[in-house]
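Take a look at these structures.
In the two complexes that follow, chain A is the common piece, with chain B as its partner first and chain C second.
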Partner chain A sequence: MTWIIKNEKPKIGVFSLTGCAGDQLMILNLEDTLIELLAKFDIKSFQEASSYSENTKLDIAFIEGSVSTDHDLKILKNIRENSSLLVAIGDCAINGCVQAMRNNQTSIAERMLDVYGVKDNVYNALEPKGVGEYVKVDAEIPGCPIEKEEVFNAFISLLNGDMPLIPDYPVCVECKLNGYPCVIIEESKPCLGPIITAGCDARCPGLGLDCIGCRGAIRGETNAKAELETLRKRGYNDKYIINRLRFFAGNFEDIKNLGVREASKGERDE
Partner chain B sequence: MSKTLTIEELTRVEGHGGITIIIEGETVKDVKMNIFEGPRFFESIIKTVYYDKIPDIMRRICAICTASHSLASIRAIEHAFNIDVSDQTQILRDLLIHGETIESHALHVFMLALPDYLGYPDALKMASDHLDKVKAALELKKAGNLIHNTISGREVHGMNERVGGFSRIPSERKLENIREEMLKVKAAAELGVELLARKEPQLNFNSKNIFMALNPGEKYGFIGDEILISDGSRHNINDYLNIVKERVVNYSTSKISTYKNHPFMVGALARLILNKNKLEGTAKTMFKKYQQLIREDNPLSNNIAQAIELVHSVERAEFLVNELLSRGVRDEHLPSVKVKEARGVGAVEAPRGILYHDYTFDKSGCVIKCNVITPTAQNIANMEKHYREIVEALIKEEENMIKRHLELVARAYDPCISCSTHIIRVKR
Partner chain C sequence: MYKKLFKKHLENFISILSKFGVVYAPVKKASKLYDFTELTDFKELQLKYTRTMIPPKKFFLKPKEPLYLLNKDKGFKEIVDDSKTVLLGVHSCDINAINLLDRVYLNQFPDLFYKTRRDNTIIIGVSCEPDENCFCTSTGSSHALRGFDLFMHEVDDRYIIRVGSLKGFQIISECKNILADTSLPDIKEFKRVEAERIKRISLNLNVNGIQDILDLSHDHSAWQENADICFGCGTCNLVCPTCRCYDVVDYLKLDLKNGLRARRWDSCMLRQHALVAGGLNFRPTRVERLYNRFNCKMSFSEDSLNCVGCGRCTVYCPADINFVEVLNQVRED
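Take a look at the complex of A and B:
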């Protein structure tokens, strides 16, 4: 897929909604290439890095963070209206990330009461969701955080009129290519690799750890029920597994309805 | 007649926040730090999660202090379940936190604060005239990130540090890379102190600051179990709720903290004032050289305090690598954990100040209650105190000048607003 570049130096903005600002930080972490890379673009807004900001039509808007308040939603709509391309960067902007893990399970009022001691939604908080729930998204760069090589390649692709290429296969593929022993089979660890988007070079299994799903589930390819069964067979109870599956997928179709009741009962069987 | 002075959105800070000042005649009526970062409710969403993955979720409160959150979280869990860790683990954790300090302070000192001092809107525009300074910042950031990558597995939201130790111990070769990198960036770190020392803006503040920092033990560092306060008192971190009193305010998704009803300050300046006699090497020399610039009542001194810590952390990281190599790096297995009904508190000096994590577990090892207090939340009351002072001092000046100075003060605190919203007390 391609897009038409209107300006030789595309006008871009990097914006952030509710999250940890880690995806902007990963862009700044491109230390070796940052200055040369950004010089190829006409940067109109980059909140974390600059006090300079210009409210203008953009060729590409990069957005990190989830839509978690009315305010976020207002900003998002304004950005969409003023941008030719909208690129969601990071799991917050794509799936809502960890702050969405209790969507459908607990209400905002319950969360308010837990944290601030009041029931009223004084902050106009919404159930955290990715930007695609509200506006059209042209491309996504997954990860919590995004991988810096991937975001670098995405910038270059976009500069050349191409859309970023993101893997559509699971972490297991990269795990096997690296020759790592399977942590589910060998060590009975609750790895989510089989249903999670690759592109991290199987970082966690490489360190002897189970994948926790930070790159998000693979759309249309995920069989969450099979993952649930696999982990059940390894002795994990439903509360444990469902919490696990929800970490980065509270809004994800196959997973969001899992454990709406189950999560409150049961102990881990060991 | 009253007028309102508003900074809609602070820039070159982490997260989203602004300032509102209400002025009546020539009197400052009200000062508010507005935080409009959406609430993420970490203390609520984490409930029912089994202990093993709590640090992986809780570290995502913040990108720039991710290792601080993960280590505060891990230490709270270890305290709850009485888990001791090896000397090697402690050294590796120290190294990781020094790496985080290097990366975070480099970003703040050179790229967020320095453009104010040199008169640029950002580091990229500053780069056209001062490429050497921006390059120094990037080199330092990269060096800090190398430590993160090597010890934690990734620059942001790593995974290798676990309850009880590390999943994989880094190889000696990789540790040697860290040492080489530290030697390379020493000069860049020292440049930070020199630049700020030359440009320290002349602003006066009248009120005395109350400082709080963790007692790092024998060496100047960032991990400890005792709170030191500038009034001379010392407290175990388990008493933190009696020290840091929080209240909810309706103009912010953060909470306001006070100590004995007074605002207080945490962060590099607080650490430097309370632990200065533990500085060593070049950091000690530079501290002595510029001591008169580090003024206890002036929040802008936090910038140069960070720069001195940057020098310290670079040298300390090199020392810790040597220590690990001379002991010989050993593979260690994570200890088995016996979960029980228990509560544990863990604290770490994040780059911006003390960070507390506090968990209560049920008998199956799942969290039932959680409380996190971040450094920026603790600083908000003190920031508001200083905003008031600066506006009072400049009240006859034009609005843009007042705003510029407010931003200067805000930025000196290096606020981490994405962090500050999670602050929070589970209903007691």
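Take a look at the complex of A and C:
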């Protein structure tokens, strides 16, 4: 897929909604190439890097963070109206991420009470969701946080008039390409890799750890039921598995739909 | 031609092999994981092993490999790896699988990268240690007729070495001091051990008329049932010694002028595999992909199947989908 570059130096903005700002930080972490890379763009806003901000038409807007308040939504709509391309960076912007963990499990009022001791929705909070729930998104760069390499390649693709290339296959592929032992097969660890978007080069299995799903479930290909079955067979109970799946992917339809069933015998609750 | 090597000379034998290239051999990495690894310590060598997770195809068609350096003005330049390699301890099934890959990568339009490494690699077979997931007798790959330079059959305290090529003969000539001629009792014992090994391969896959059966069972419920528990994770293809598909990607440098073209193993179980320009995907669902994979593995090219019965796809499938069971399920009704 391609897009039309109008300006020799595309005008860009990098924005934050509700999140930890880790994705902006990852862009700044591209130390070796950052100056050279950013010099190819005309930067109109970059919250984490500079207080300078210009409210203007953009070629590309990069957005991190989820829509979790009224305020977020207003900012988002304004950015969308003013940008040719909108790129969601990080799991929060793509699907709501950790903030969405309790969506559809407890009400906003209950959460307000738990955290602030009041029932009233004083911050005009919304159920945390990805930006795609509200506006059109042209490209996504997954990760919690995003991967440096992937951001770099995405920027280059955009400069070249291409859309970023993001894997839409699971972490298992990277385990195999690297020859890493599979922690499900070898040690019955509760790895979520089979349903999680690759691109981290299977960092955790490479260290002998099970994937907790930080890059988010794969859009339209998440076989959450199979993950439940696979881990059940290895002795984990439903509650544990579902909580684990919801950690980063509470907004995923097929994970939402699993529901909590009766815990099975011989369960393992780690 | 047959020669005999006593096990006590094995270390010596390997040091002679290292004159022919860097020696890679099976090393144990985890409870179920063996991997062909550069042999730096003789103690790590595991010639008695079931199967490696990643098959030896990784030496010829690399999991991830750079192909060309690109330059907008100057064109492209191949990146060719012609290092000398010795693969020690390859099982018959995997040798048969390499023979299948050779047909694809060497015949008609030879793949430069594959061919270069194939020409620079010595393959030394070793008799296998079958387990309950091996069915190579069903696929006709429990024995290797060609595709190796030497083949070491373990017989008690020695190896009976079969010579399979001129290169193999050259190695043998360098090993005069540690090799002996085989005697009649050696051959008798060799036959007994081989027959005993074959007997241990107890899993059977009936491949009689399998292509017709698959053609006729496109609508069999087994496909959907298995697709429901399948992740589409690609593991079954990536660990398969006969799978040969790859995907190509270009990486540009910041100057947008220089770049790198690279390829990596692909899998027909991944949804982008059948996606073509214009956005059409001719196998959009998992059930279509699963059916396609089984068909590909069970189709005959020339005289053999595309499956050598190594059992890897079953052993490493995170969803526990059993290759032979699925085919039996389809055959039964």
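Convention: the second predicted complex is superposed on the first by the 259 of 270 C-alpha atoms of A that agree within 3 Å, B and C clash if a C-alpha of one lies under 4 Å from a C-alpha of the other, contacts with A are read in each partner's own complex, and residues count from 1 in each chain.
Heads up, the rule we're going with is that a contact is a pair of C-beta atoms (placed from the backbone, for glycine too) under 8 Å apart; a residue touches a chain by one contact, two chains touch by 3 or more.
All figures in this text were calculated on a predicted structure; none of them were measured in a lab.
After superposition onto chain A, the partners chain B and chain C occupy separate space and fit alongside each other.
Of the two partner chains, neither chain B nor chain C is touched by A:R219.
Judged by the touch definition given at the top, the superposed model places A:K77 against neither chain B nor chain C. Contact with chain B, but none with chain C, is seen for A:L17 once the two complexes are overlaid on the shared chain. When the shared chain is aligned, chain B comes close enough to touch A:C204, but chain C does not. In the superposition on chain A, A:C144 contacts chain B only, with no contact to chain C. Once the two complexes are overlaid on the shared chain, A:L28 sits against chain B while remaining clear of chain C. In the superposed pair of complexes, A:I156 makes contact with chain C only, with no contact to chain B. In the superposition on chain A, A:I43 contacts chain B only, with no contact to chain C. In the superposed model, A:Y169 makes contact with chain C only, not with chain B. After the two structures are overlaid on chain A, the closest C-alpha atoms of chain B and chain C sit 15 Å apart. Within the complex formed with chain A, the chain B residues making contact are 9, 11-16, 36-45, 47-50, 53, 56-57, 60-64, 66, 107, 111, 115, 121-125, 127, 134, 138-139, 141-142, 145, 153-157, 159-160, 167-168, 248, 250, 253, 255, 364-366, 407, 418, 424-427.
Of all residues in chain A, only 16-23, 25-26, 28-29, 31-32, 34-35, 38, 43, 46-53, 66, 68-69, 71-72, 97-99, 101-102, 106, 110-118, 122-123, 125, 128, 144-145, 148, 203-204, 207-209, 212, 214, 239-240, 243-244, 247, 263-264, 267-268 touch chain B in the complex they form.
Note for the complex: chain A touches chain C at residues 33, 36-37, 40, 153, 156-157, 159-160, 165, 168-170, 172-173, 176-179, 181-182, 184-187, 191, 193-195, 221, 223, 225-227, 229-230, 233.
Of all the residues in chain C, the ones that touch chain A in their complex are 29-33, 35, 53-54, 58, 63-64, 228-235, 238-239, 249, 251-254, 256, 264-265, 267, 270-272, 286, 315-316, 318-320.
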